[in-house]
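Letters A, B, C and D mark the chains in the order given here, with residues in each chain numbered from 1 onward.
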Amino acid sequence: MDKLVIGGVELKSRLLIGTGKFSSKKIIPDVIKSCETQVVTMALRRVDLKAKEENLLEYIPKDIILLPNTSGARNAEEAVRIARLARAMGCGNWIKIEVISDNKYLLPDNQETIKATEILAKEGFVVLPYMSPDLMAAKRLVEAGAAAVMPLGAPIGTNRGIKTKELVQILIDEIDLPIIVDAGIGRPSEAAEAMEMGAEAVLVNTAIATANDPVNMAKAFSFAVKAGRIAYLSKLGPTKQYAQASSPLTGFLNEGEL
Amino acid sequence: MDKLVIGGVELKSRLLIGTGKFSSKKIIPDVIKSCETQVVTMALRRVDLKAKEENLLEYIPKDIILLPNTSGARNAEEAVRIARLARAMGCGNWIKIEVISDNKYLLPDNQETIKATEILAKEGFVVLPYMSPDLMAAKRLVEAGAAAVMPLGAPIGTNRGIKTKELVQILIDEIDLPIIVDAGIGRPSEAAEAMEMGAEAVLVNTAIATANDPVNMAKAFSFAVKAGRIAYLSKLGPTKQYAQASSPLTGFLNEGEL
Amino acid sequence: MDKLVIGGVELKSRLLIGTGKFSSKKIIPDVIKSCETQVVTMALRRVDLKAKEENLLEYIPKDIILLPNTSGARNAEEAVRIARLARAMGCGNWIKIEVISDNKYLLPDNQETIKATEILAKEGFVVLPYMSPDLMAAKRLVEAGAAAVMPLGAPIGTNRGIKTKELVQILIDEIDLPIIVDAGIGRPSEAAEAMEMGAEAVLVNTAIATANDPVNMAKAFSFAVKAGRIAYLSKLGPTKQYAQASSPLTGFLNEGEL
Amino acid sequence: MDKLVIGGVELKSRLLIGTGKFSSKKIIPDVIKSCETQVVTMALRRVDLKAKEENLLEYIPKDIILLPNTSGARNAEEAVRIARLARAMGCGNWIKIEVISDNKYLLPDNQETIKATEILAKEGFVVLPYMSPDLMAAKRLVEAGAAAVMPLGAPIGTNRGIKTKELVQILIDEIDLPIIVDAGIGRPSEAAEAMEMGAEAVLVNTAIATANDPVNMAKAFSFAVKAGRIAYLSKLGPTKQYAQASSPLTGFLNEGEL
């Protein structure tokens, strides 16, 4: 069967989701159930155990793999501190590296991300770095011990789609790690397209959280990811310049019986 | 529940498929089962009852709605004759009008299609005309009694996608009949996109028939159509120019406890 | 030399412009001079000789070919009446057919346009019909005696670009009349692209009239049209999937002298 | 007047060209003349003074600014050596950094490029680094002392266009250095588009060198760059969703005199 293996764990679902921007945390369990995701990312702050406000973790079923992210880190050092803290707090050893010092586009800092990946991989973390699609940076992430590479499709939260297709396709073709398209995917069709391109998974947050009906939108993304994955495995037919008749065109009406 | 009604019939599946170009007719039953389609189109010639070669109809389950097409017709008159013949042969009263005199792009002739639609609708056919996307022609098809309007995404068999998006969207927004995108859809992501745009259904043939694994590709299209439809109903969130943080960014690392 | 011949007239400029939407008619002479256009379209109403308001014709140099349009016509009959009136008023025998009954998208009615073209061509007009790109309708315009065919790139005034590229390219390849892309072109790069595709000319109005600096924007379009035309004639090199070094890559640094 | 200043030099032309891939070096002077470029890039190997084969420099007029590139360098150290050698050979102090270790896509190594830029800028070079579009890397190139930033549109020599538009636009908006789009531009319309986006210049090689008529194609690019630049300065009008009449539509035919 077709499974995705990350950090030694077999995943049936290729849709990872985020937990930000939902109008209420209370629908998160229904969203998770609806799309059958197995991996959920969250900012560490939302997991604050001492907080009086409701704790995000209460809304995430026990069999879900937590993927805390280092949101808020502006360099490798801060990302490493957040990662260690997450593990110490019981969030497990998966970590999504986000190193961002640009507040307008929230674009990742590949150089600092590579540094953080190297340190945390050595400490036994399953490291999933968020990155600006760039072949050489991706190669360094492989060397640094990343478990997967997560290039952006468009700036976080924009729902603009896979605007970096050219560069992401190169990563898919050249990098021997799962490529997970993260950020920018705004529609199920775009998630399907990422999978058709050969991405191993996608991470979606804003498009689900800001939909009118997030629970059903999560299901839509789940179907789309399956559609794209099956299409990739079933190999698409060629694209043609000129028309090719699906039905027999010639001669039909010359026959006597008509 | 969300159902598509055409010619008084309630359809649960919004994926119509064609039967041309399969390497063997023998897999057609598995393709139909795999994608749960309820409407299947075929050229009348392939239904020839006297033929010694295998008859296509043997491979189509009895509960499937047949949608014979007028492939081979070069004008309204020929289309009308084929339609009547199809009904006389027991193929039911649904008919897909294809009037094509251009052999290179197989583009439909809207003017002749409107004429044929008018005649056949008066005779009680459920008429689904294949057309070049054009608002005024679509309005005339409505007046002529069409049951749905089927604009092309790209020339038949090209797998090029919905290249006529601008014009198809206008039909979706302005025409009070189901819009079924037909021809050109080459990937599940494109089927999903048509549905996200608000198309009521899609018709796919070449992309399934020419896939390496047509049975699974049919399933992929089925998932994609569901994904797109659910997304349309769940209303997509807005697209933004600049990034919007999914996770809380500020302040985190200034806190004392880190 | 590379010249465009329409209605027996040799044109050096392949940029036709419109006169609507300018903040003041007074800049029209400068716009014409700036882009060196030879053909200018205008709605007949703006040419009203009895009007107390300033007459558009006063702003158009005598050596410019007038291309009155039938804006306001909702069917062939009305278009024919406007065309005859324009000629009677001294606007010459060129006429751009616009038959539009849709007030939201201002999309042309191909069927009525074909009718009007046939009548006016027989009366000796040089007929340039505005049309929704459709191969069969274009073939009928050829038969009806059109002097050129003017498919839309996007709805009038939207500045959305050539959204109908797939269909326009087919017209360029298959129709033996000059194809002039009209409506929708919003940027010089889009005008250049139309010309690279093999269009014989473009008509631009809104993109020039609504620019911050219309006189210079007209010049920009003029350069773009030349660029696209020369590129078409100079034949573009092939597009490649993988990189092709422009500079010698190998061996350089292995040499002793470095 | 609108001028581009790089390294203290005022440039009137915003089209830089490369010298690789021409079928014969002999047409290079005509290409330069035809497009009025002021800056020409070349691989150092082609400038070998001791070579028995014809020396590229013989074909470049004396008033042209030479922009030797470090093609062949796989890391910062090699790039620095080539740059110094170029200056020692009399090629001036402009240098285009290319650090490439990927032979399939020829994608640049941003990290090594930043290192080389820093060293060479300190040594007084006017450094133009070729880079994979990435905001954080571009910021580091600014700090390192680059004179301009040259993001790629698509892999070198592919003629695929500006596939990285999303990321290049961010550089244009956020980086306080001239952005020169380099690599991938395959058509004049794409050069015009880069300029409309606000790029300060473009560098074109393959699209000119592999055209059927390189001398005229160079002229086409020259016109396109001017078109895009003037359009940028003249500010494009807004894009609309729905049509906006250019001509007065209503009432016309209700008037008595018709």
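The rule we apply is simple: a residue touches a chain if its C-beta (ideal position, glycine included) is under 8 Å from a C-beta of that chain, and two chains touch if they have at least 3 such contacts.
The chain lineup, named per UniProt: A, B, C, D = Thiazole synthase.
The structure displayed is predicted, hence computed values, not measured ones.
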### Query
Looking at CA centres, what chain is most distant from chain D?
B
### Message
Taking only the C-alpha atoms, how many degrees of rotation bring chain A onto chain C, rounded to the nearest 5?
### Response
180
### Message
Suppose each chain is reduced to the average of its Cα coordinates; what separation in Å results between chain A and chain C?
### Response
45
### Task
Provide the C-alpha centroid distance between chain B and chain C, rounded to the nearest whole angstrom.
34
### Junction residues of chain A, two or more chains touched
104-105, 107, 160
### Query
Hey, which chains are touching each other here?
A-B, A-D, B-C, C-D
### Message
Taking the touch rule as given, give the residues of chain C at its contact with chain D in the complex, in rising order.
### Response
18, 20-21, 42-46, 69, 71-74, 78, 81-82, 85, 98, 100, 103-107, 155-160, 186-190, 192-193, 196, 205-207, 209-214, 216-217, 219-224, 226-228, 230-231, 233-253, 258
### In the complex, chain A residues that touch chain D
101-102, 104-105, 107-111, 132, 134-137, 140, 154, 160, 163-167, 170, 174
